[in-house]
Amino acid sequence: MLDLLWLIPILPLAGAAVNGLLGRRFPKALVTAVGVGAPLLSLLVALGCLWKFSQGSLSSSSNRDAYNQVLYAWTAGDLSIPVAFLLDHLSAVMLFIVTFVGFLIHVYSAGYMAHEEGYSRYFAYLNLFMAAMLLLVLGNNYLVMFVGWEGVGLCSYLLIGFYYDQPFPPYAGKKAFIVNRIGDFAFLVGMFALFDKLGTLSYGEVFTKIAAEPGHAVMGLPLASFVALCFFVGAMGKSAQIPLYVWLPDAMAGPTPVSALIHAATMVTAGVYMVVRSNMIYQLAPGVSQFVAVIGAATAIFAATIAIAQTDIKKVLAYSTVSQLGYMFLAAGLGAYSAALFHVMTHAFFKALLFLGSGSVIHAMGGEQDMTKMGGLRKYMPSTFRTYVIGALAIAGIPPLAGFFSKDEILHSAAANGQWILWAVGLITAGLTAFYMFRSVFLTFFGTFCGTHEQEHHLHESPPSMTIPLWILAAGAVVAGFVGVPKVLGGIDRFHLWLEPVLYHPAGVEAAEHEMAAGMEWLLILIAVGVAVAGILLARRMYGGNAGLANGRTWAERFPTLHRVLANKYYVDEIYDALIVKPLAGLSRFFWKWIDSGLIDGSINAGAYATELTGEFGRLSTTGNVRTYALYFFLGVILLGCWIAFG
Amino acid sequence: METLIFLIFAALAVASSLVVVIHRSPVYATMSLVVTLFSVAVLFVLLGAPFLGALQILIYAGAIVVLFLFVIMLLNLQKEGESAGRRRGQIWVAIPGALIFIGMVGLVFWRAGAPELQPLTPELVSLKGLATALFSDYLLPFEIVGLLLLVAVIGATVAARRAPDAAEGTGLPPREDFVAEDTARKEARS
Amino acid sequence: MTSELVATLLKYAVMFGVFINVAPIMNWVERRACAYIQDRPGPNRVGPLGLFQPLADAAKFLFKEDVTPAAADKLLYLMAPVLALLPAFTTFVIIPFGPDLTIDGRTIPLVVAPVDTGVLLFLALSSLAVYSLVLAGYASNNKFSLIGGIRASAQLISYELALTLSVLAVLLPVNSFRLADIVAYQQAHVWNFIPQILGFFVFLVASFAETNRLPFDLPEAESELIAGFHTEYSAMRFAAFFQAEYTNMAALAALGVTLFFGGWSLPGVHISGVLGAIVGLATLVGKICVCMGVFVWIRWTFPRFRYDQLMRLGWKVLLPLSILNLILVAVMTLAGWL
Amino acid sequence: MSSVPVSWYLMLAALLFAIGTVGALTRRNGISIFLSIELMLNAANLTLVAFSRQLNDHTGQLVVFFVMAVAAAEAAVGLALFIAVFRARRTIDVNRLNLMRG
C-alpha cells in the first residue's frame, strides 16, 4: 500500500490536466466526476497509506518507520536532488488534513459553483492545488517542498483571481502573489545557504549535519539562525504573519470554498508545517524562536482587533484566520511544535467549517457578504446555522470542542515557559476571538432580516452537497480535539506522543518546559474558558436580540476613533502603499521614462535608425534586376582573379 | 593541318559567339550558338576527346539548344527592342570587365610562358579509360548527377505546368493585375 | 595519305550514290504502294509502270518558280533546306557496307568514316536534323509552319531518348561503338533483333517518330497544318526537304538493319575481296529496301496519332520500355547469355 | 603531329568566356542570357578538355561530362521557369522582372 504513495499527488494532478485541457468540452457531470473523483481516490489512497503506516509505527516511537519513496533524481550538471516522498508522523497528519478537508471542500464546491462560469477551470485549479499541496507536504527535501510551495502559491493566485472579469479579484490575486514573492525569496535564500554550507536539502541529512556542524555562519549569524530566520520570513508570506499578512484578507475575493480550503485550512498552514518540519533548526536558534513567538502573538491580537470591526462576514473569518495562524506561530516559537500542529489540525476543521458555512450564507444571500444586511437567517437555513455555531464555539475554545484543546495547549505552553506576557496576549486574543465570532453569529443568524425583499424571498437552505460537508466538518470540529486531551484532563496527549518521533531534542538545548502543578493548570484552563465565555456574553450583550445592529452602531459611536482605526485595519494597507508601493512605483516610473524609454530604447533605436539608413543606401544596389547582380558577381570574380594572379 | 583546322574553327567559334551575344533576334542567336558548339566540338576532337565532341553535339546541339528553340517559338519571342534608358550603362562596365579578364589571362600566359604540348596518348583518347574512371573514381558524382537530372525533370515539370486555375493555384494575383501594375510602374518611372 | 583520301572519297561516292537515289525510287514505290493499298492504279503513265514519274517530278521541281514569302526571315528561310540535307548526307558515313577489303596489302574498312565513336556520331548528326524543320517553320512566318516547327522540336527531343537508349542496349554486349564490330558480333552470334526484340520494337517506333513518318507525322500533318513546316516552300527547296526526308529514312533504316539485322552480312555467307564488298553492299541495300517497304506499308496502314497521345507514348511507354530493355540486356550480358 | 599549343586553346576559351560574360551582362532577354551562359559553360569546358590533354588525365573530360549534365538540368529548369514567368507576366525581359527591387 505504501508504495502507492506517489499516486496521492499524481491523481489530482491528472484530474487537473484532464479538466484543464479537455474540461471545456466535457459535460458538467463528467467535469464533476473527474474533479471530485480525483481527490476522492487520492483520499482513499492516503487513508490506506496512513492505516498501513500507523500500524507499523504506533508501537514504536522512533522516526525509523518513516517511509521514503524515491521517484527519480532531479539532475542538472553536478547538482542532483532526489525527487522523493516522505511519509512520517508529521506528514501523515498534514496528509490527512489536506486530503480529507480537501475532498470535503471539493464536494461542497460541486454544489457551490454549480451555476458559475468556468466550472471546469475551477476544478482544474482546485485539483492542481491539491496536487501542489500534497507535493509540499510529502516531499522529503526542501526543494520538493519548495516546488509544492510555489505550486500552491500559483493556484492561490489563479483562484483568487478566478472572477477575472471583475476589477478587484485580479488585483487581489496579484497582491497575494507579489507579497508571497517576498517570503519565497527569503525561503530560497535559506535553501541556498543550507545547500551552500551542507550540500544537501534532504530533511534528515540537513538536521543531522546542522546539529553536528555548529561552526557554519552566514552574514555573521550562525547557520541555524540564519536559515531559521529566512524560513520564517518565507512562512510569514505564506502564512500571513505581520508584516506580510496583508494579502490574506484581500484573498477573500476568490470563491468561498477556495477561501476555506486554501486560505484557511491548508495552504496558509504550510508555513506552520515548515516551521514544525524544521523544528531541529529552530531549536538550534532560540533567538529566532522567540522572535517567531512574538510575531505570532502580535499577529494574533492585531488581527483579532481588526476582526472586531469588520462587517464583511468573510473578512471577519479572514482576520480570524490570520489571528489563529498567529496562535500557531506563537506555539511553534515557544517550542510547542505538537501544539502548533494540533491547532493546525483543529483549525482546519472549524475554520473550513466556518468558511463553508459563510459560503452557504452568501450562496443563499445571492452573493451578499455584508453582515449588516443579514440577520435572522437562523430560521431559513437551520443546518447552516447549527454547524456555524458549532464552528464558532470550537474556535472560541469552549470545551469540549476541538478548539478548546488546541488553544489550551498553546496557552499552557506559554505559561509553562514562563512567557506570561505572551500568555496574556494569547488570552486576550482568545476573548476577542469569542467576541467577534459571536458578533458574526448574532448579526447573521439572529435579529431581523435587514436585506432587500428579493434577497429575503430567495433565502433557502443550501443543497445536500453543501450541507453534508458542513455536518461532517462540524463533527470533526467537535471530536478532533480528543486526540490531544492533556494529561491534566485525564488524557494522555496522544497527539503529542504521535508527533514525538519527528521532534528533535538536540544536545545542548535543554527543555525549557517546567512541570506545572495540576492546580495551576486547572486554574489556567478555567481562566481561558471564562474569558471565552465572557467574550460570547459580551457579544450577545452588544449584538444579540432584534436591535443588535443598532446596538452595535451605538457602541461604535461611543469610541469613534478606535472604531475607525479598527474598521480601516489600522491603515496598514495605506501605510504600505505610502512607504513601499508609491516610492517603488515612482522609482519604476523613473526607470521606465528615463532609463528604459530614454537610454535603452534610445540606444536601440539609434542602432535601428543606423541600420535603416545603411539600408536606404544599400537598397540602391539591389535593383531587382538580375543583370545587375550578375555584374557584381562578375566584378567580384575579376577582383578575385586579380588577387590570385597578381596578389 | 591541325593548326589550320584549329584556326578555322577558333575563328568560327569567336565569330558565331559574337553573333550570339550581339544579334537581337533570339533565333539567330540560338543558331549561332549551335555553330559555336559545333566548332568547340571539333576542337574537342582535336584535343583528343572525340567522345566529348560527339556528346557535345548530341546533348548540347541536339537537345539543349533544341529546347531553347522550342521555348523561343512557344513564347514567340521577337527581336529585343531598344533597351530602356538607364540600364544601358551596364555595357560600359561589362566590356571593360571582359577586356580586363582577357588581359589577365593573357598576362598570366605572358608571364608563365606556354608549356610544351604533351604528345597525345592512346590512353587519353580511349573510351575505356574514360568509362573506367567515370564508373569507379567518379561513381558518386555520377550518381549525384543522375539524381540532379531527376530532380530537374520533376522541377521543370512542376514549374512549367499550367495549373487548372493558374491565378488561384499559384497564389499570384490575376494576370490583369500584374500587367496593370507593370504599366503603372513603367509610367511612374518615365 | 593521298590513297586514303582517295579511298575515303570513293567510299563516300558509293554510299552517296546509293542514298541520293533513295528519294526518287522511294517516291515511286510509295505512290505505287499506297495506290495498291488503297486499291487504285497510282502513277502509271510516265514510262513503264510509271517508273519515270520521279524524273518528271524532278524536272517539274527544277522549273517551278521558287517563291519566298515577303514576310519570311530570308536568311533562315534559305538555310533551312540546306540544313536538312546536311545531316542526311553525313550520317551514313559510319554505316559499314562490306567486309574489310585488302588491296596491295592495305586493309581498307568498307565504311566511309571508321571512327571509334561510330554510333554516337550517327546519333549526334541525326539529332541536328531537327534544326531544319524548326527553322523552316520559324522562318516561313506562317502560323501553321510555326506550329509544325514547335511540334517537330518537341517530338524529336522526346523520341531521341528512347531511340538512343535502345541503341545503347545493342552496344552493351558488343562493347564497342563501332558498327563494324556490331556486325561482326552478329555474324558470330545471332542477329540482335532476336534477343533484343523489345529494343528493336522501341527503335522501330522511335525511328518512325524521328523521321516524322506516319503515324507520327505531326509536324507536317496535311489535314491539320497544311504540310506544316514546309507549307511555304516550293520548287527545289521543297524537293530538298523531300530528299532529306527519304535520305534520313534510308539512313535510319541502314542503322536499324546494321544494329538488329546483321548489316551487310548474311548468315552463313562469308565472302571476302571485291566480290564480298559487292555482295555486302547489295545485301545492305536489299535490307534497307525491305525496311523502307515496311515504312511505306505502315504509313498507309495506320492513322495519325493525336499530339498528346504522341507525347504520352514517347514519355510514358517508350522511355520506360527502353530503360527496361537496357536493364534486361545489361543483366543478360552480365549473366553471359549474350 | 600536334602543333597547336594548349595556351591557344586557353586563350580562345578566355575569349569565348569574355564574350559570353558580356552577353550575360548586357542582354535583356532571358533566353539570350541563358544562351550566353551556355557559351560561358562551353568556354569552361574547353579549358577543362585542354588541361586534360596537357596533363594527360581523364579527370578534365569527366568534369566536362558532368558540366554537360548540369547544363542540361539547368536548361530544363530554367526554361520551365521562363515559361511560368511568361505565363504570369507576358514577358521574359529581365529588366521588367524586378519585383525584388530594394
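When the chains are written out, they are named A, B, C and D in that same order, and each has its own residue count from 1.
The rule is simple: a contact is a pair of C-beta atoms (placed from the backbone, for glycine too) under 8 Å apart; a residue touches a chain by one contact, two chains touch by 3 or more.
Nothing here was measured: the structure is a model prediction, and the numbers come from that model.
K.L.:
What is the chain whose Cα centre is as far as it gets from that of chain C?
P.N.:
Here the answer is chain A, farthest from chain C.
K.L.:
Taking the mean of the C-alpha atoms as each chain's centre, how many Å separate chain C from chain D?
P.N.:
32
K.L.:
How many Å are there between the centre of chain A and the centre of chain B, using C-alpha atoms for each centre?
P.N.:
For chain A versus chain B, the centre distance works out to 80 Å.
K.L.:
In whole angstrom, how far does the Cα centroid of chain B sit from the Cα centroid of chain C?
P.N.:
29
K.L.:
Please list all residues of chain A that touch 2 or more other chains.
P.N.:
625, 627, 631, 634
K.L.:
Which residues belonging to chain B are in contact with no fewer than two other chains?
P.N.:
Residues 51, 55, 63, 67, 74, 87, 90, 93-94, 97, 101 of chain B touch two or more partner chains.
K.L.:
Taking each residue of chain D in turn, which ones touch at least two of the other chains?
P.N.:
21, 25-28, 95
K.L.:
Going by the touch rule stated at the top, which chains touch which?
P.N.:
Chains touch in the following pairs: A-B, A-D, B-C, B-D.
K.L.:
For a test of understanding, state which residues of chain C touch chain B in their complex under the given definition.
P.N.:
73, 76, 115-117, 120-121, 123-125, 127-128, 130-131, 134-135, 137-138, 146, 149-150, 153-154, 156-157, 160, 164, 177
K.L.:
Could you list, by residue number, the parts of chain D that touch chain B in their complex?
P.N.:
1-12, 14-23, 25-29, 31-32, 34-36, 38-39, 42, 45-46, 49-50, 52-59, 61-62, 64-66, 68-77, 79-84, 86-90, 92-93, 95-96
K.L.:
Over in the complex, which chain B residues touch chain D? Could you list them?
P.N.:
2-3, 6, 10, 13-14, 17-18, 20-21, 26, 29-30, 33, 36-37, 40, 43-44, 46-49, 51-52, 55-56, 59-60, 63-65, 67-68, 71-72, 74-75, 77, 80, 83-84, 87, 90-91, 93-95, 97-99, 101-102, 105-106, 109, 114-121, 123-124, 129-130, 133-134, 138, 141-142, 145, 148-149, 151-153, 155-160, 162, 166, 170, 172, 175, 178-179, 182, 186
K.L.:
Tell me, which parts of chain A touch chain B in their complex?
P.N.:
Those residues of chain A that touch chain B are 625, 627-628, 631, 634-635, 637-638, 641-642, 645.
K.L.:
For chain B, which residues are in contact with chain C within the complex?
P.N.:
25, 27-28, 31, 34, 50-51, 53-55, 57-58, 61-63, 66-67, 69-70, 73-74, 76, 125, 127
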